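Just dropping this structure here.
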Amino acid sequence: MADNDNVSGVEIQLDHVTKRYSGSREPAVKDVTMTIPAGKIVILVGPSGCGKTTTMRMINRLIEPTSGTITIGGEDALRLNADELRRKIGYAIQQAGLFPHFTVAQNIAVVPGLLGWDRKRIEQRVDEMMDLVGLDPAQFRTRYPRQLSGGQQQRVGVARALAADPPVLLMDEPFGAVDPITRGNLQDELLRLQTDLRKTIVFVTHDFDEAVKLGDKIAVLGEASTIMQYDTPEAILANPANDTVAGFVGAGASLKQLTLLRVRDVNYNDDALTAVSEDTSPAQLRSRMTEAGKTYALVLDGRRRPQRWVHVRDLSTAASLAAVGRPVGDLVSTQSTLQDALEAILAEGGNAVVTGTRGEYVGTIDIRTVTDTIQQIREEHETGSAAS
Amino acid sequence: MNLFAYIADRWDRLSLQALLHVSEVVQSTVIAAIAGVLIGVAVYRSPIGSAVATALASTILTIPSFALLGLLIPVFGLGATPTVIALVLYALLPITRNTIVGLAGVDPAVTDAAKGIGMNRLGVLTRVELRLAWPAILAGMRVATQMLMGIAVIAAYAKGPGLGGEVFSGLTRAGSANATNQALAGTLGVVVLALLLEGVYFLIARLTVSRGIRG
Amino acid sequence: MTTTTDVTGFSTESGSRRADRMRLFAQPAAVVVIVGLVLAWAFSRDNDEIEAQSIQAGVLLTKTWEHLVITAVVAAMVVGIAVPLGMLLTRTWARPAAPAFIGIANIGQAAPVLGVLVLFFLWTEWEGLWAAALPIAFYSLLPVLRNTITGIESVDPALVDAGRGIGMSSSGVLLRIELPLAIPLILAGLRTSLVLAVGTATLAFFVNGGGLGELIDTGYKLNRVPVLVVGAVLAVGLALLVDWIGAVLEEYLGPKGLS
């Protein structure tokens, strides 16, 4: 892939890793072997108590494995000093785990401080990290965690985890304690960050939807962290390995697939008749519409942003294009998921307008496009699994 | 003479002093409990009243017991009177504070329900609120008693009754044969009595705290 | 930012928090007024020879100073012993030993302090400052020790986990996270210990340790009420001031950012 060159993450290898607590017969984690590719988000998902957190915590040795080896970027993690190892691995947890007696800036500065950076560099880095997670340094630097909302605390938690620019980031249900809307925003934010940073992220959750949304690959774990399926979200949704995974994927797998695809990935239409309101008269547009045999046209503003839908018969009485027809309702961008697009299509009652990065018109999408796409994916994965 | 021989030898006097010691502490606790509960009942509905009562009571607790005793001697003379006054004053804080906390902690829904089924103000207080606050009040009394056991020793300076006399005689007769035994008998006696009273409180709690609210 | 709360805001507080606030302002004022009035009375009245020997600035200052020194030495010993000991006893490997130490400190506080003082004197035959300060420190140890342990143990385990997870060493977590977060409770314990220390320092004169108790004793033995009253009022005033200092420390020394 072309975007491999700026990957800052490194590969993590778990090789026959087992954790057995003294006093219990069954191991908490039993013989896990997996490769977490560099620069990818890998989600460990499974029911509570399945050992997913234990597995993750063995990577930064908050829990020492009983047997097996773990290599991070080719280095044997078990041979390094545990504290030094952890300084090179970002760690974000539920409810952020911010130190309540440290300001936001002090919280973010902890790891750079431990690594002995000089003050100036730390200060710079703190501001940089706050910008990165969308908190204004001037406003938030000297605040204490309890003066922040849950979502803001999580942002600081992520900033702290990333402060020393570690190649690997471990996240243990980091968005588990915030409300659904904030959670959605934080997830989007994490994806945005990841497109630039390309870290190796190991993310633990029990929420399969979150896994589907964030993961490049998902490991569905069963008891004692046994890997039931380790694959891309698309593949797991289209073809669950067994009934347990299917149960975990839950109902509405097709709908979940819609969250995986972006409008830019599908063939939307770009043949709608458009007119810029400022330099087209109603009469001109009307003749163009008759010419093309269309009953509807889309009116754009000077910067080609969609404004209104007009019917051909609205034009006979109109003096200018500025006020005729019906305003465009829900828009979708090329970045939107197909699920968003489907919602917009249903709300608009036919097709939804697709806009580009600057909000300009690029096309329209209708329900046919969506259903065709699902069909296509399903066929791909079925033939794929038959072959393997 | 070792300690045990000494205790056996002076058993009559020691047991009498032990009895007096416990008796003055228990009496003072009971007086303070009555006063403390009355004060608590009077103020617990008013935040300001609660704050003033708590502040005053904790100020009293801050006063060195020896200084308070000294101030009481010119007014009340020597013996049991200044001792009991001092002990009652010291016992007030834990009991008043716990009464206020206990009463304020009663779920308003419960008192509401009691009023709803037709209990009058006094009925609600005595049959519901004080019953529910009783464990807290009892805990306050227990803390007060433990504290008074030690203060009562100091009160022997004002010729108050009890085991403190042994400690003081031990001190004044330092160097003589049985000085250490005497001070030790007094001190250990107080510790043993304190433990016994602790047991008594445990029994009282068992017997009087409604099983529905026992922790 | 709707969730932002004002740090300096005054909110409705429980009765005892309110009582604490009240004392924070009323206590030093009351001390100054009462001590001032009593001293004015004592110095202006017609003192006889015996009274005049005690009621003079030099003597009063010396006794007050001795009293303060005992209190300070005890406080230093209590902090110096109880805080490190408490920190030690919260380490995983030392935790089984904690009940034993708490038990010893419990006995220290439950035993009558005068008895402990006298016995220590009879056994060691020491006199003076240390003969008083050591048993008083033993007696005042428990609140700080117990609160240090409780304070550290009540730190949210997720914070310890976060600290370790981002690469702090275990001593780093103890010193930078656990201890600072335990400070409010430790200070509350210190205030209690200070009050115990300043109060029991009135008994120091029994072992020739000086202090304001000596004035009370002189007044009582020689039947001179003014001397007794001046000694007692100074002792009360000093105790209230020390308690007030404890309250101020509690108010302003705790880590920022907590409630």
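Chains: A, B and C, in written order; residue numbering restarts at 1 for each.
Here, a residue touches a chain if its C-beta (ideal position, glycine included) is under 8 Å from a C-beta of that chain, and two chains touch if they have at least 3 such contacts.
Just so we're on the same page, UniProt names per chain: B, C = ABC transporter permease.
All figures in this text were calculated on a predicted structure; none of them were measured in a lab.
Chain centres here are means of the Cα atoms, and by that rule the chain farthest away from subunit B is A.
Comparing each chain's Cα centroid with the centroid of every protein Cα atom identifies chain C as the most central. Among all pairs of chains, B-C has the largest number of C-beta pairs in contact. Subunit A and subunit B have centres, each the mean of its CA atoms, that are 65 Å apart. Rounded to whole angstrom units, the spacing between the C-alpha centres of subunit A and subunit C is 56.
Chain centres here are Cα means. That of subunit B falls 22 Å from that of subunit C. Interface residues of subunit C facing subunit A in the complex, by the touch rule stated above, are 1-5, 7, 158-159, 161-169, 172, 176-177, 180-181, 255-259.
Of all residues in subunit B, those touching subunit C in their complex are 47-48, 50-52, 54-55, 58-59, 61-68, 70-71, 73-74, 97, 100-101, 104, 146, 149-150, 153-154, 164, 167, 170-171, 174, 179-180, 183-184, 186-187, 190-191, 194.
Interface of subunit A with subunit C (complex): residues 60, 62, 83-91, 93-95, 97-103, 110-111, 114, 143-150, 152, 160-161, 170.
Partner subunit B is touched in their complex by these residues of subunit C: 12, 15-16, 18-20, 22-23, 26-27, 107, 110-116, 118-119, 121-123, 195, 198-203, 206, 212-213, 216, 219-220, 225, 228-229, 231-233, 235-236, 239-240, 243.
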